[in-house]
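For reference, chains read A, B, C, D and E in written order, and residue numbers begin at 1 within each chain.
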Amino acid sequence: MQRFLVRRILSMILALWGVSLVAFFLIRVIPVDPVEAYFAINQIPASKESMDAIREKQGFNQPLLSQYANWMWHVFQLDFGKSFVSKLDVGKELISRFWITFGIASTALLFVVILSVTIGVLSAVKQNSLFDRLTRTSIFTIASMPSFWLAFILIYIVALKWGLLPLMGWGTWQHLILPSLTLALGISPYYIRLIRTSMIEQMQQPYVLYARARGLKENVIVRHHLFRGTLPPLLTSLAMTCGGLLGGAVIVEIVFTIPGIGRYILDSMGARDYVVLQGFILLIGFFYIAINFVADIMCAMIDPRIRLKGEGK
Amino acid sequence: MKKRNKRLPLIISSSLVALLTMVAIFEPWLVLHDPHVINMAMKLQGFSATYPLGTDHLGRCVLSRLIAGARVSLFTTFSILIVTLIISLVVGIVAGYVGGMIDTVLMRVCDILLAMPNFIFALVIVGTLGGGLFNMFIGIVFVSWVWYARMIRNMVLSLKEAPFVKYAQVTGVSRFNIMRVHILPFVFPQIFLLKLIGLGSTILLISELSFLGLGVTAPLAEWGMMISDSKTYLLSNPMLMFIPGFMISLTVLLFNWFGDAVRDALDPKTL
Amino acid sequence: MIEFKNVSKQYFESRGWGQKRSINAMDNISFRIKEGSCFAIVGESGSGKSTLGKLLIGLDKPDSGQILFRGLDLFDINNQTRQQLRRDMQIVFQDCFSAVNSRMKIRDVIAEPMRVHLHYSSTGIKEEVKRLLETVGLTAEDGEKYSYQFSGGQLQRITIARAISIHPKVIILDEVINSLDVLVQISILKLLKRLQRELNLTYLFISHDLHSVKLFADEVVVLDKGKLVDYAEDVKDFDKLTHPASRRLLEAQLPIMPQQASEDMSVKKGVIVSKK
Amino acid sequence: MLEVKNLSVFVQRDTEEIQVVQDISFQVPKGKIVGIVGESGSGKSMICTTILQLFRESRRVSGKVLFQGESLLAKNKEEMRKLRGKEIALIMQNPMAMFNPMLSIGDHFIETIQAHVNISKKEAKQKALEQLSRYQLPEENILQKYPHELSGGMLQRIMIAMAVSHRPSLLVADEPTTALDTMTQLRILDELLEYQQEAGTSMLIVSHDLGVIAKLADDLIVMRRGLIVEYGPASLVLEQPLHSYTQALLAVKKENSTLEQLVDHYEEPMLGSLVEWKPGYWVRQ
Amino acid sequence: MKKLALLVLSFTLMLLVAACSNEQKSNQKTSKQEEASANDTLTLSWPLDIGAVNPHLYAPNEMFAQALLYDPLVSYGDNGEIQPALATDWEISEDGKSYTFTLREGVVYSDGSSLTAENVKRNIEAVLQNMERHSWLEAVSMIDKVEVIDELKVKIDLKESYYPFLQELTLIRPLRMLADSGFPEGGSTAEEIEAPIGSGPWILTDYVKGSHAEFTRNDNYWGEKPKIKKVIIKVIPDSQARIMALEKGDIDLIFGSGQLAPVEYQTLQQKGTYQTLISGPLSTRVLAINSTIAPTNEKEVRLALQYAMDRKTIVEHILNGLEEEAQSLFSPGFPYSDIKVGQYENNFEEAKKILDQAGWKMVEGQPFRMKNNQVLQVTIPYRSTELVHKEILEYLQSAWREIGIDVQLKAEESQIYTQKVRAGEFNLTFNDTWGVPYDPHMFIRTMIGENQLGLYVQSGTAISSEFTANVNKVIRSTDENERRALYEGILQGIHDEAMFIPISYRTNYLVANNGVKRLQFTPHQYEVPLSLFELEE
């Protein structure tokens, strides 16, 4: 287990370093000058001198590598710099918005888990029954809608026609429901399919046959053997999905006008606000890697084969 | 009896996919009106014999634009499919089979790329490069080959241990031939199937980027763009937005169904 | 023809925190195989007999020692000679189902080594495949089928046909009959015996089943935990195998006798220690 | 104890129905061991799974299986479940695949005990420990071990210990030693035999290896392609086999046979009927 | 299994805690909101967050919010008349280089401190400190020094005479006044301010970034006090979302140009349940023609395009009658807009004739006109997010095909668009005039600036050098008559050389529920006259 941990942490650090490279250099190869962009969004006709002055001040005329080193040095001190446009501390700005997006994403995750585990397990156990067909068809139909489309429909029906929940915006827990439901409905089918297929695959395993041979009750077999085997792939892809949820939140935040990180990033992208984009990539990268790490550890706790892999083959 | 049941979804879905593809290919002969010609006098018409699905805010035939849009959407989706398939196959097989430094380097690159959520990564790339069909294509390809390459590599690693590959090695078959004859035929169908099932999500991704204003831009007609163009007509002419949205859902559903049907036909175990 | 000179091979098993435990797969092993003989290597699983096959065919390298083939050091040759050696030495695996590419037609499976080593025309290869299939007791039509359409015994015949297609001098038989039914085992052994006579082959017969060794091989060595512990020049002389490991192997052969006889056999008790 | 009467099993493959077991009758008397030997595809494993009604594919079964006088085929799912593991225990081949790799040995043991007796987890664990020590597996931490940490032989012994934990009246062993080392095989068979003799359990053992069957069985059934070839007391069948197929099989195992003498295939059709040669000794003509 | 359940449970709990911590925060918010939404509160939507409301900076500070909080020295009245604001009186020296302002007595900032000459000086110097940011604005770069004469008198010296100086002082940014306590340590406002404390009619009382901002009436305001007690600005970036919020009663008012698409405005208007109102012309929607690259470097082509503009169809069908057809570059009511320079009527036949004469002929079998084997093709880039632009251009593409012009539309992401325009990679492109108080002088002045869109428009024409000289002269002239004469020449030149195609006059429009009274507009495109609105009791 220790060895497993050490290996995972090392590869995590390596990935993070890679992410920092991506964050810095990918953003820098884009064909738009941030200084020009800055003047453009303010609709200010800029002169060459004033642009050069800003370049000088921001250090954009130094070699890229030393800019990178400088940036990394500050990042190590948890200083992500100040936004080029708003002049605010990027770290603080990102974090405060991140929690909003995280709130949506984690609620969505909760919905996903509840939806997919119940439907997935039931439809695997009652394979090819009416329930199986009906729920799967309807949920797959919903998932084939573009998320903004689904969001419009939900807003129109639930919020506007029925008046059950707030239309949009951010504030109470009611504001959380529609956006996260939109997100969850979009990805649940993937999990329903995953759980269902995995459970059905497990049913083919000899150890399930052996469990029957020992006279175990069906619900014990489902709980102990079928569902447990589904957990590692489920956890791994749930961790992957956390990223997908954050990504999907961008659209949901737009439609529901939630001041989350996705909207911020879209605006910063328009403004070519390097500092924000770099910080964002690093933050998301870190979050994503951390979540995957936690998921791996959890998988290792559930599945002893993974845990012991590091110790002899 | 049982066998026919299994084939039926495949037959229906594949003929629907073929039909859609045909529509996309023969678009110039199928459209009732030039999808780009504007006729202000005929704007926002309802359903009629001349305009089966009505006209949009600039008096263009919605049905014709839908058909033209099928061409753009499908062409983009298929080219993304093919390019990512090629990249991931090459990277995955080479990394897995050749191993060593090449493997280490490629897989570390994959690790790093995988450390970013797909949609966000695509968004950042497209957003910073600027919108448009080509940039969107680049963005989506850039993020979607990685996962498959990883997957292929793992498949290749276990294939590499198979006795028939070992035999080919000790008999002196060239590396290239081993990859071509003994590895590719096993990897390709599985990956192709996975990609086929993933087609629907690619279509959704395209439409979502278009919705954010980062995808396809005028003068091309594309479903996602048709939706974002008619956003402002949501209250007055909801059909303008509904029809392309419905078309996207239908296509995604169709591809998902098709992918499932192909898989079930190949592998009876999982159903 | 083949000579192992003080060959050693260790595998490492990591134990966490950089600690490693070495496992001696082969420990200072020397022996010589005569041309045209059938040389058997027996041992329990984990005794190192498969490693020996791997080294000989070139799937792995020894840590020390030499393996000589007709006086040539297998691990000190240029590429051209190596390619020639690959032609001279062939292997047949135990698991015949995974030894054949299931996406290839049988005729292509058999033709594969010929395409690498022999410069036949395509019709020449076709003829040769047909001949080979008939040699091992199959028909030309079988060449158009795929591996899943055959039984284990038939498939093992196909891998044998593939092995002899490029006229090798030595064939390594790695537990070739173990997963087959009893009578099929006999038929494969008979086929191999016939081919040996006709093609003047040398066999390296790796097995854990002394009974089949007795039926098939000429010479035998016994491996135990990576060490060569016993040798008999003639397999008929099992009495000469006196090492405890050899005795264990012999005793493990279940004699066919009515149940009453086993009652007076002393039942050993105790915990079997995990080998993992 | 167990009586099988005119049992036939049909399996659906693609479009056709194949008869894999043809009209088989035999019985396992109380306290006796019956062995079934045959090559792969002879239908011998089908018999085991049909008795326990453990199969995944669609099967059609005709004939009767009577266990302590009750028809097993007439029982419903829940009744069968209650019998399995408690009255009829199964020992399967390839123990590595039979244990759930994600559950510890203890989990397996406890769930097995709890399946038929309503006791707490703690008590079940206590019981498991007792059972293990009885079979010379007394290490406490073995319950914490996971299947892949143990050898095949060890797992097979645990499987046996688990199978007998409810003191079943019938033990069905389907190729119990096939995937194991020769040495371990011997030990496992000794243990099985020892338990059977001590507990007086009836036992049905199936193997492709004549040696295994010969070591254990009181009565022996030789099967080929779904048919019984020879069925009688082991001592008689082994010493003087009547059917040429049995003779061919036995010849391979003879100490002093040579390759040339041995028959390498057996293609004679088996059209004849099964006749009782001596009381309790049947052979197909 | 127990271990597993524990794991899942703890994970779920972790998520819940994370979600709840957000909820708690937001719960407090709503209670406050609800409290405020009594009858004395007006809620309106705005597409963007108001930002830090730094009076001396640009985006992401929203201009309308800056205008609510801060006052200028002088303000812009109807027809461009300069009116007193924080300064009640001002003197301009003979040479036009020195301005002396007398400040209003008794003006207090929202923190209670008084407006002083010292404070004004501090503000102006803070702006000067950040020169590189403001150099685009002549008024700032012209300032030589600021002197305090006495408590309430401040003198600003210019480097040269600059006639629009007072006009530029009326701008919402950067020359408005922040209280002393609003300055951060070090005194530079170039990056941030301590607090948004101004002397304007409103006080910022609550602000949740990205969500909403609450402004309360400044009861000590020196001018006419607002009628409404509280205003809440909700950030709703999407027009559909805004409409739904209005329909649900979450907001009372949608205000501004482009906040609703023309068709959305029309739909709401037709519903009859809301008040709708359109302002007078605020600026002009024009297409700028690049005179430096082919084929629009030919005057004939530019003229033909002028004649080929069917404003009526565009205004009627695309703008849904929300804007008026534009007859001139600057709309009536702007300084010097009374200068008559003539106009091009929509006449497709005339356009064809001009093109034929210029040698651009229709060739048999070709869809477009050709000259010397060149196709008559114009490239028009546009911002992909501007839906109205897109619609107009798509219409033009189709209409101009009729007269044989091949229109290539290039949808560009905003920043890329800007870069292309700055590099002159366009034949035509949208370029709205700026509205008060910039028009006309600022708009004209940028036509001689390096890398400016306007430069490409004029520098390829025959009159370019004369034009440049005139523009340079006009902004430095101190004599009203001379100025007028110069403007006449400039505007006539623009018209004769067909540099811009005016399409329509942009307007502000609003939709409000019936509870809001005295709805009206001001001439400022970027100002929301919240102080003037009233609520029904």
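Here, a contact is a pair of C-beta atoms (placed from the backbone, for glycine too) under 8 Å apart; a residue touches a chain by one contact, two chains touch by 3 or more.
The structure displayed is predicted, hence computed values, not measured ones.
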Inset, instruction - Select the chain at the greatest separation from subunit D, using centres from the mean of Cα atoms. - result: E
Inset, instruction - Write out the two chains that share the greatest number of C-beta pairs in contact. - result: A-E
Inset, instruction - Find the chain most remote from subunit C, comparing centres computed as mean CA coordinates. - result: E
Inset, instruction - Provide the C-alpha centroid distance between subunit C and subunit E, rounded to the nearest whole angstrom. - result: 86
Legend entry - Cα-centroid distance, subunit A relative to subunit E, in whole angstrom: 38
Legend entry - subunit A-subunit C separation of Cα centroids, rounded to whole Å: 52
Inset, instruction - Could you tell me the distance, in whole angstrom, between the mean C-alpha positions of subunit B and subunit C? - result: 49
Inset, instruction - Return the residues of subunit C touching two or more other chains; collapse runs of consecutive numbers into ranges. - result: 276
Inset, instruction - Would you give the residues of subunit D that are in contact with at least 2 other chains, written as numbers and ranges? - result: 107, 148-149
Legend entry - Contacts with two or more other chains, residues of subunit A listed in rising order: 31-32, 152, 204, 224, 228, 254, 270, 272, 302
Legend entry - Touch list for subunit B against partner subunit C, complex: 162-164, 166-174, 181-182, 185-186
Legend entry - subunit A residues touching subunit D - in the complex, by the definition given at the top: 203-207, 209-218, 220, 224-225, 228-229, 302-305, 308
Inset, instruction - Quick one: which bits of subunit E touch subunit A in the complex? Just the residue numbers, please. - result: 1, 3-4, 7, 11-12, 15-16, 18-19, 21-23, 26-27, 29-30, 33, 49, 51-52, 57-60, 131-133, 135-136, 191-192, 208-211, 234-238, 240-241, 244-245, 247-248, 250, 413-416, 418-419, 422, 446, 449-452
Legend entry - Residues of subunit B that touch subunit A when the two form their complex: 108-109, 111-120, 123-125, 127-130, 200, 204, 207-208, 211-212, 224, 227, 234, 245, 248-250, 252-253, 256, 269-271
Inset, instruction - Please give the residue numbers of subunit D that touch subunit C in the complex, ascending. - result: 33, 39-40, 136-139, 148-151, 153-154, 157, 181-187, 189-191, 193-194, 208-212, 214-218, 234-235, 238-239, 248-250, 252-254, 257-259, 262-266
